[in-house]
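Both complexes shown next keep chain A, but they swap its partner, so chain B is in the first and chain C is in the second.
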Partner chain A sequence: MPIFEVSHLVAGYGPIKALDGVSFDVNAGELIAIIGANGAGKTTLLMTISGVVPARSGSIRFLDQPINGLLTHEIVRLGVGHSPEGRRIFPRLTVRENLQLGGFTQPDRWQLKRDIAEACNLFPVLGTRMNQLGGTLSGGEQQMLALARALIGRPKLLMLDEPSLGLAPLVVVKIFEVIAGLTSRGIAVILVEQNARAALRLASRGYVLESGRITLSGSGPELLNDRRVRDAYLGE
Partner chain B sequence: MSVQFFLQQCLIGLTNGALIALVALGYTMVYGIIGLINFAHGDLIMLGACLALSLVTALGLATAGPTATWLGISLLIVLCGLFCGTLNVAVDRLVYKPLRSAPKLAPLVSAIGVSFIFMNMGLFWIGSADRAFPELLPSTNLLPMEGLQITWKDLLVVIVVVPLMVGLTLLVQMTRLGKAMRAVSQDQTAASLVGVDVDRVIAATFFIGGFLGGAASVIYGLYINTIGFQIGFQNGLYAFTAAVLGGIGSIPGAVLGGLVIGLVRSLSSAYVGERWTGAIVFAILIVILVFRPEGLLGRRTKEKV
Partner chain C sequence: MHSSASSTPPASASRRLQLASLLRERWDLVALGLLAIAPLVIPALGGALGGQVTTLFIYCILALGLNVMVGYTGLVHLGIAAFFGIGAYSMAILTVPMYPFQMGFAAAAVISTLLAAGVGLALGAPTLRLRGDYLAIVTLGFGEVVKVTLRNLEQITGGMKGLNPVPPPGAGVTLGGVDLGMAFAIDPRYFYYLSLIVLAGVVVAMRRLENSRLGRAWVAVREDELAASAMGISATRVKLSAFAMSSAVAGLAGCLYAASLSTTADPNAYDFNRSIMMLCAVILGGLGSIPGTLLGVAILVGFDTVLAPWADSWIQQMNINPTGSSLLSFSGWRLALFGLALVLVMRFRPAGLVPSRRLAAELHEGQT
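Presenting the complex of A and B:
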């Protein structure tokens, strides 16, 4: 039973169609991967779902409710979290303030405190940096902060855009470990990654995005063994 | 040229500077959040002063007793603050918001246009001649000495400006709205992705900047005692200069810049001559910006990307 459904989505900038009729869905508690080359439209897809980039046509439904046309903060408040490409933490706010903003929609202050404590449990290094400015963290720590910030918002569906980009291998392992645990907490995940192998290993299903269209889809193992995927994205 | 004279000039400078700072905050906050130099801000304050003058007349404050006078002044500050805050929000909604994704020059030129519209509204409201703003406060010296004087007018500036600045700092540092404001000023998209209603936060910023300007307009009337439809331009320019000097976008910077400009203005008027004041203030601005383009308290450090 899909909780989230995109159909025939078209979006773009000016005359360029970055998304040209994209359709896919996500079931409750499922992790799906969207893989594709640079410029395939992965980031635009997530930005369109979040309402940052306007959709030209097509529909986006979340929990049986159309969400295209809503403002970004309204979509977020419905439970669609989005950890954007490039982490986009607030560089001149402290780690604590970044985390507090993650819970901006949380009306219960004590719950927010508990959620922040839990996030620090997940990423102990953040707990030791609470009063440091976000911009002074290392790339890996910033990614952890971005992920923690998104989780504190208690999303029902979390979209992660390139969470492993530019990180040291050990940090990537840690980040993927946390991502793998999300579905057991009941969070559905859309994982957009260039690291196709790691993403498809975690995903129950995957989609291949090429020039704004879904050209291939299947279960994680199917795609991992697909000749075209292996040639184009797994570097074999 | 005694010590007392010097201290007196410093006092005048700091009082004027506090007033400039209050106006500078409106420039720096709006710049900080949407990168717009709101050229209409000075004229907004001129309109606030027009309202203050109309209210003083309507309430008959010029002939009221001391208690009624202080109550009246408090009421003026609140009403003019609300007026300027609301007007500022309305202008943002009508003029700047539709231009949010346009090139920076479009809202900037529009702000200059709003400035002229405001100026003409002021002309319509109080006429073309300068108007006397009634002396509501006694000008007796509160210090028991000759040569150095502090009057109620000077105290008024401190009594109003200091709590407003402390309140603003607390608001920006401690509250949920303040955090949202700082987040929006750093990354609007990221702020919206954590659930911040960016347009509301921008409107709140315009309101707060306008409110501070409205309070400044009342103090300006009571302190300078003359208002005219063109006071917005010159005072706005000094306040804008203060904001740039302190580091535009920085709240403590606007306060420091205001105090520095106030001091430089009064000292150069006293020791060099009034006619040089403008030249000296702006020469100092240029020198400082050559060596510290980011302003006194502006950001220099680069963040990791």
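Presenting the complex of A and C:
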């Protein structure tokens, strides 16, 4: 039973169609991967779902409710979290303030405290840097902060845009470990990655996005063994 | 790691360090204490100087209001004086004898503050899509419109004469045999204490806001609007609330201003110069910094209204300038000095004289 469904989505900038009829779905507690080259439309897809880029046509449904046309913050409040490309932490706010902002929609301040403590459990390094400014963290720590901040918002569906970008291999392993654990907490995940191999290993299903169209889809292992995927994205 | 610098200093230096850290952490209580006893030990505060310092406190409140928009939320506002004026004129209309309302000070102040907030919302709602320069132009235009309207609506605002007399707080109330209204009218120290108390209240409120959910949302929107909306923050609503808060505090300052002068004065008191002066004070002191904003006002307005007239009269008394040449009058050089000071501060302390906690922390990164 899909909790999230995109069909025939078209969006773009000016005369350019960045998305040209994209359709896919996500089941409850499922992790799907969307892979594709630079400029394929991956980031635009997430931005359109979030309502940052307006959809020209097509529909986006979350929990049997249409969400296209809603404002970004309304979509977030429905439970669609978005950790945007480039992490976008608040560099001049402390780690604690970043996490508090992640729980902006949490009205219960004691619950927010517990959620922040839990996030620090997940990423112990954040607990030791609570009063440090976000901008002074290393790239890996910033990604952990971005992930922790997104989780504190208690999303039902979390969209992650290139979480491994620019990180050291060991940090990537740690980040992917946490992402793999999200589904066991009942969070559905849309993982957008250039690191196709790592993403497809985690994903139960994957989609290949090329020039704004889904050209291929299948289970994670199917795509990992697909000739075309191996040639184009796995560098073999 | 900077631990080597903190190896045991000599005793006198450590005492000086203690004093410095006391000043940094408890500057507010130290300043409040000094200002509270000042009228008891400085007799001049019972005269014209008392009125000047009261005006200084009122400008501090105005600048703290402006700081909500410019400092916390990062929205350029060039028309804050308009809201100062709206507060002052609304105060006057609600209290002067020529109108039927003739309310007490407190009720009129509450209504005027809310009115200013309402006007702020009305201006903010259609203009919030604008950013940076464009918003600056809208606020600049609004400031001029309000000033010209106040001048031209003579039947209501009294035109260039302004509205007066605005009765002092507590008019007709006797407390322990003292007619409060008379006391306020005669002794400037009453207004000194009233505006000091309001200023202290605004400082406390601003501090609490800084660490509140709303205060964090203001800063988040300033830093990165997209990331803020990904947190579930409605940038529109957050900016509107900053607009309303700024306007309300400016309106409150306007109420005190009209009451302390017992007139709205003429509409030129609420012109572009006033807005710019306040903006300069906030930038000079440090955007988003409460102590910085207060220091900025103390320096700029203090220089303008206290030091410059004093220096002029000193030059006259010393007979340095018998021919009355404007080259030798201090006031003639006032704006040049003012400009020079701004340029120097921006060159050597771009984050302001007392940078906000966040900016200060940025300069000391690595310390925990």
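Throughout what follows, the second predicted complex is superposed on the first by the 236 of 236 C-alpha atoms of A that agree within 3 Å, B and C clash if a C-alpha of one lies under 4 Å from a C-alpha of the other, contacts with A are read in each partner's own complex, and residues count from 1 in each chain.
Here, a contact is a pair of C-beta atoms (placed from the backbone, for glycine too) under 8 Å apart; a residue touches a chain by one contact, two chains touch by 3 or more.
Since the model is a prediction, treat every value here as computed from it, not as a measurement.
Overlap between chain B and chain C is detected when the two structures are superposed via chain A. Using the contact criterion defined above for the overlaid structures, shared-chain residue A:153 touches chain B and also reaches chain C. In the superposed pair of complexes, A:131 makes contact with chain C only, with no contact to chain B.
Contact with neither chain B nor chain C is seen for A:185 once the two complexes are overlaid on the shared chain. In the superposition on chain A, A:104 makes contact with both chain B and chain C.
Within the superposed three-chain model, A:139 lies in touch with chain B and out of touch with chain C [touch as defined at top].
In the superposition on chain A, chain A positions 50, 52, 71-73, 76-77, 82-84, 88-93, 97, 100-102, 104-105, 135-136, 149, 153 are in contact with chain B in one complex as well as with chain C in the other. Chain C contributes residues 213, 216-217, 219-220, 223-224, 226-235, 358-359, 361-362, 365-366, 368 to its touches with chain A in the complex.
Chain A meets chain B in the complex at residues 50, 52, 71-73, 76-77, 82-84, 86, 88-93, 97, 100-102, 104-105, 135-139, 142, 149, 153.
Those residues of chain A that touch chain C in the complex are listed here as 50, 52, 71-74, 76-77, 81-84, 88-94, 97, 100-102, 104-105, 131-133, 135-136, 149-150, 153. Chain contact summary for the complex, chain B toward chain A: residues 176, 179-180, 182-183, 186-187, 189-198, 299, 303-305.
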